[in-house]
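Note that chain A is present in both complexes that follow, paired respectively with chain B and with chain C.
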Partner chain A sequence: MDFRLLLRNPIGRIGIIVVLFFVVASLGAPVIAPGDPSEFVGDPNQPPSSEHIFGTDPQGKDVFRQTVWGGRISLAIGFGTAILAITVAILIGMTAGFFGGLVDNLLTLLMNLFLVIPGLPLLILLAAYLAPSTSTVIGTLALTGWAFHARIFRSMVLSLREKDFVAASIVSGEGNFTILFQQILPNMINIIVGSFIGSLIYGIGAATALSFLGLTEMTDVTWGTNLFWAQNGGALFSGAWWAFVPSGICVALTAFGLSLINYGMDEITNPRLRAERELAKVVKNAALRRVRATPFVPRAH
Partner chain B sequence: MNFLLRRLGFYVLAYWAALTIDFVLPRLLPGDPAATIMGSLGSRLQPGQVEAMQKALGLDHTDGLPQQYVTFLSHAARGDLGFSYSYFPATVTEVIGTGLIWTLLLGLTALLISFVLGNLLGVFGAWRRVGFLANVVPPIMILAGAFPPFFLALSAVYVLGVQFNLIPTSHAFADTLAPAPTLEFAASVLEHLFLPAVIIVIVTIGIWTLTMRNTMVSVLADDFITMAEAKGLRQHRIMFNYAARNALLPSVTGFGVFLGFVLSGQVLIEQVFAYPGLGFLLVGAVGSRDYPLMQGLFLMITTAVLAANFLVDVLYTRLDPRVRAG
Partner chain C sequence: MTTSQPVLNLCDLYVEYLTARGPVQAVNGVSFSIAPGEVFGLAGESGCGKSTIAHTILRVLRPPAIITGGQIVVKGRDVLQMDDETLEAFRWRDVSMVFQSAMNSLNPVMNVGNQLADVFIRHKRMSKREALERASELLIGVDIDQRRLSSFPHQLSGGMRQRVVIAMAMALEPALMIMDEPTTALDVVVQKDIMQQIRELKRKMSFAILFITHDLSLMTEFSDRIGIMYAGEIVEQAQAREIFNNPLHPYTQGLLGSFPALAGPKKRLTGIAGSPPDLVAPPAGCRFHPRCWVCQPIEQVVKPQLREVLPGHWLAAHPGMPLPPGAA
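Showing the complex of A and B:
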């Protein structure tokens, strides 16, 4: 997929700007919010002021520092989860779709099992038993998040396998491995990027939820642990809204930006959606009073 | 029938997989699981009880692993999941019983509202093509869906509960009331149900609307719609009986996955509102290291999802005649 096309799509462009903003802010944390985010800097629950522009949390930490630094691990967990989950999904989904038969039946069964077992309760159970660390969190998130995408990849391969160019590769004697990764995979890039973004949203959101429940490494500064400490310190009941609003908004806006990118990509790659846009324009310009199933635009005389 | 039997077989398999996860996880614990678990509450129990409980949990390690597994499965089949540590001497099954009704009440209410409302919005959004429903509502829904559910819940508790004290923000009914079949009690339950249900609806409604809208857009471009239009059928008949009925299929197929999302979100919502359902119990069990209760709750939530999925399958055969034909 052409990246410039995405930049030209208004929805996609907003999404990219929003996501880039948070990535840059996280990477630039030492410059933007210098100092240790876990340092106790003043009285607890101080409202935003010139000294602490986001105020202080119930433990007397600087909320601005925590918010900026918190993005680092939150985004890292998101990317780690997405990379791991999508790699597993590609391997399992493509194998199932390409080889078919018993292999497909078994792998599909495995995907369906993981899909039907509720994710967060399983995550909570896993996190409660395993020692909390960034890598175990990524591992458990990937474990509960790969199946959905594997199923999509499988059905993509099923339809691509029937195409002539694959048949051509088979008769010209290419190996299975070459066909899968050099012929079929490049045709799935759109779907894979879409799934990757979906998985990123899931990873960031679910890691935040786990931290909020106190199931990750609590000395780390992440958006989720910020929310946990704000909640546990009773920020809500002492009226310190500034302690929990910034981290929540960051998670939401990051996920929103990523959703917009996916939405923009859908519009570019799905001709039906584009045709629908044109049709909407026609309906609007004709100023039809009643919309019909098949819009009928009277020709101007 | 064949279809439903195959689905049933799959759910039995899924249930067995969940049971196996419950069996394997504690045994993956570094060190001796029995000692670790018993150590956390050993002081509260008599030596005899410790032994009895180890036996009940299949953690007494006198048998080999296969034997433990068989014992575990046969106990689970009888609904015997051992004792809860934090609610001792209540059994896990009893504790779960107290939470089940509240989770079902909250989950079903929210799911029903969000499914019906979300799909209707999707149908009208795709139908109208331009205007508020088609252009403004979907982006708002994407934004609302991007917020962590528990964050919206926290904000609602803060604004509506703490600042304005408009509406109760914790528990399932007023503390002053005892469960009784009175109008007052019912009103209190409804009042406490309102906010958590609204939050779940806000977070989940976008999934239905956007799925419905996208499918409906494709279906509306199909030839049979043009045909229906050419025959001069009434517009609302085309909209609901022709387009929406067909566009509903992907939403129903995806219902199982969606349901998992809804229930997952609900765990956190229950926690924020201290709503005494399974999710609240689960988080509490994690906090108090109540492993048997945790496992039992995981099993129960999985069972609920599987049962709901099976109901959806039954419904699906009614909705799509092709499935019935085989």
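Showing the complex of A and C:
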């Protein structure tokens, strides 16, 4: 997986730009939106103005500050969840797939257990009983999100361990963990990165949902708590759309950008997709009808 | 051979593969025709476009492959002008194909009988019972016991699987059968059996064959005429014996020099220096010129056309290339 390849791919490039925009905005929050985002700056529900460019929310807080600062914890939760969930998924999934037998049976049972437990109720339950904090949210989300990916990694390893290069490593006397992490893991990089981005989206979305339900630390400023306070103060009833639209758009755009990166990666790892796009262009230029056969695109030679 | 209409007439065919680096010119202006009952061989090293031509005749290549010019006329009809329905009827009924490895062209979860019967059910709208009956006739035709109808591909040997695939290709009695390296995965003894079988069947059913292989000795043995391909172009075309005994193009000479002869004095194998060109940016003029040892200055600029230098012997080279006496 070459990062430059992703930059050269138009879809992937847009995705990276969008995601980088939000990451940079969050990191640069003290410069972009100086001041405490929880500070009460003026009258509630003021529409966007030169003083408060995104207006103020029902509590009289500056929405622009809240939106920019909110990205910090939201993105942190997303990345934290993804790293934790995927690490657990790699360890458990690959172990299950590679060693097989009783180990596989027990670990698969564990995965199935977590797969059949409905995610959102468990999330709410855990979030309600544990002390609300950022790390609690990350832990809960990772706990409900790892099993799906572990399942995928397990089946990947199941098929990869039958390949000749694995047999060759066994014959040449390499240890199990060398084989697992040096021979098999590199072959799964694209699916691992795909899963990582998938659980990043899940982490950001689910954290927002939890906050919106009021199940996280409410003094933190995140995109989710912004939505909670806007809803709490009846922003919709008083027509203060500016209180909730910015945070909502941020969550949606981040997820959108991440999905684009995933699509871009898909095109890189599966060159046929890219070729088909090029072909569509050629066929369109030649004003041809598509048939289920090799296309005939006459050209002067 | 005969004065009748050729089964296949390929005229100035161009095929490209679209890639991020630009189109790969895999087949570049290839023309040849095959008479009824004739065996035409296409030879050349890996990646020279032999298989691309084979697949293009049936138009089974998927994008990124596109045909960018030429004509493929089979029994008087242009394949490139056909729509989906016509193509569906045309494939297998007029031209069938034996793919490179038989192991992969049979469905592992369907028994042999059902796979053979499928051809009849799909193309001839036969009942299942009738189709199975025809399938068993086909199997007997390739010397396989009809009890094998209920066998699955993995229960058959490589040679038997290849016979099944050949039987399937003959099912609708096509006028032309394309054989894309039909014996590459088999050992020489089985290979000989299969080739004899094909010859036998050909005598009975008189179909023409487009035979593709890089095994030159097998090809000379089996074909009537041979076209030698290099980098997407035919560089020499003649009767099989003529190619073998009197190769004129330096590439053909190099190719023949890379195989040990069974009889005759021991000779050191020569081979050809260098490697095939990048077809995204092929060399100008004659595509073989960077590896050629009798190259003239003009070859590097102007692409030589195929011309008849001896009766029935076509060569892509500019006049002035050293040729044996008698050749023009």
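Just so it is clear, the second predicted complex is superposed on the first by the 271 of 301 C-alpha atoms of A that agree within 3 Å, B and C clash if a C-alpha of one lies under 4 Å from a C-alpha of the other, contacts with A are read in each partner's own complex, and residues count from 1 in each chain.
By our rule, a contact is a pair of C-beta atoms (placed from the backbone, for glycine too) under 8 Å apart; a residue touches a chain by one contact, two chains touch by 3 or more.
What you see is a predicted model; the values in this text were computed from it and never measured.
By the document's definition of touching, neither partner reaches A:Met111: not chain B, not chain C. Once the two complexes are laid over each other on the shared chain, residue contacts for A:Val166 go to neither chain B nor chain C.
Which of chain B and chain C touches more residues of chain A: that partner is B. Legend: residue contacts after superposition of the two complexes on their common chain; A:Glu278 is shown touching chain C, with no touch to chain B.
Once chain A of one complex is fitted onto chain A of the other, the partner contacts of A:Ala207 are absent, as it touches neither chain B nor chain C.
Look at A:Ile16: by the touch rule set out above, it reaches neither chain B nor chain C.
Of the two partner chains placed around the shared chain by superposition, chain B and chain C are both touched by A:Ala293. Once the two complexes are laid over each other on the shared chain, residue contacts for A:Val251 go to chain B alone; chain C is not touched.
For the contact definition in use here, the residues of chain A common to its chain B contact set and its chain C contact set are 272, 275-276, 279, 291-295. By the touch criterion given at the top, residues 109, 112-113, 115-122, 124-126, 128-129, 131, 148, 201, 205, 208-209, 212-215, 227, 231, 236-237, 239, 241, 244-245, 248, 251-253, 255-256, 259-260, 263, 272-273, 275-276, 279-280, 283-284, 290-295 of chain A touch chain B in their complex.
Of all residues in chain B, only 10-11, 13-14, 17-18, 21, 25-26, 28-30, 127-130, 134, 142-143, 145-148, 150-151, 154-155, 157-158, 162-163, 214, 217-218, 220-221, 225-226, 228-229, 235, 238-239, 242-243, 256-257, 260-261, 263-265, 267-268, 271, 282-283, 286-287, 289, 291, 294-295, 297-298, 301-302, 305-306, 309 touch chain A in the complex they form. Across the complex, chain C is touched by residues 271-272, 274-276, 278-279, 282, 291-301 of chain A.
Listed in rising order, the residues of chain C touching chain A in the complex are 12, 14-15, 18-20, 29, 55-56, 59-69, 80, 82-84, 87.
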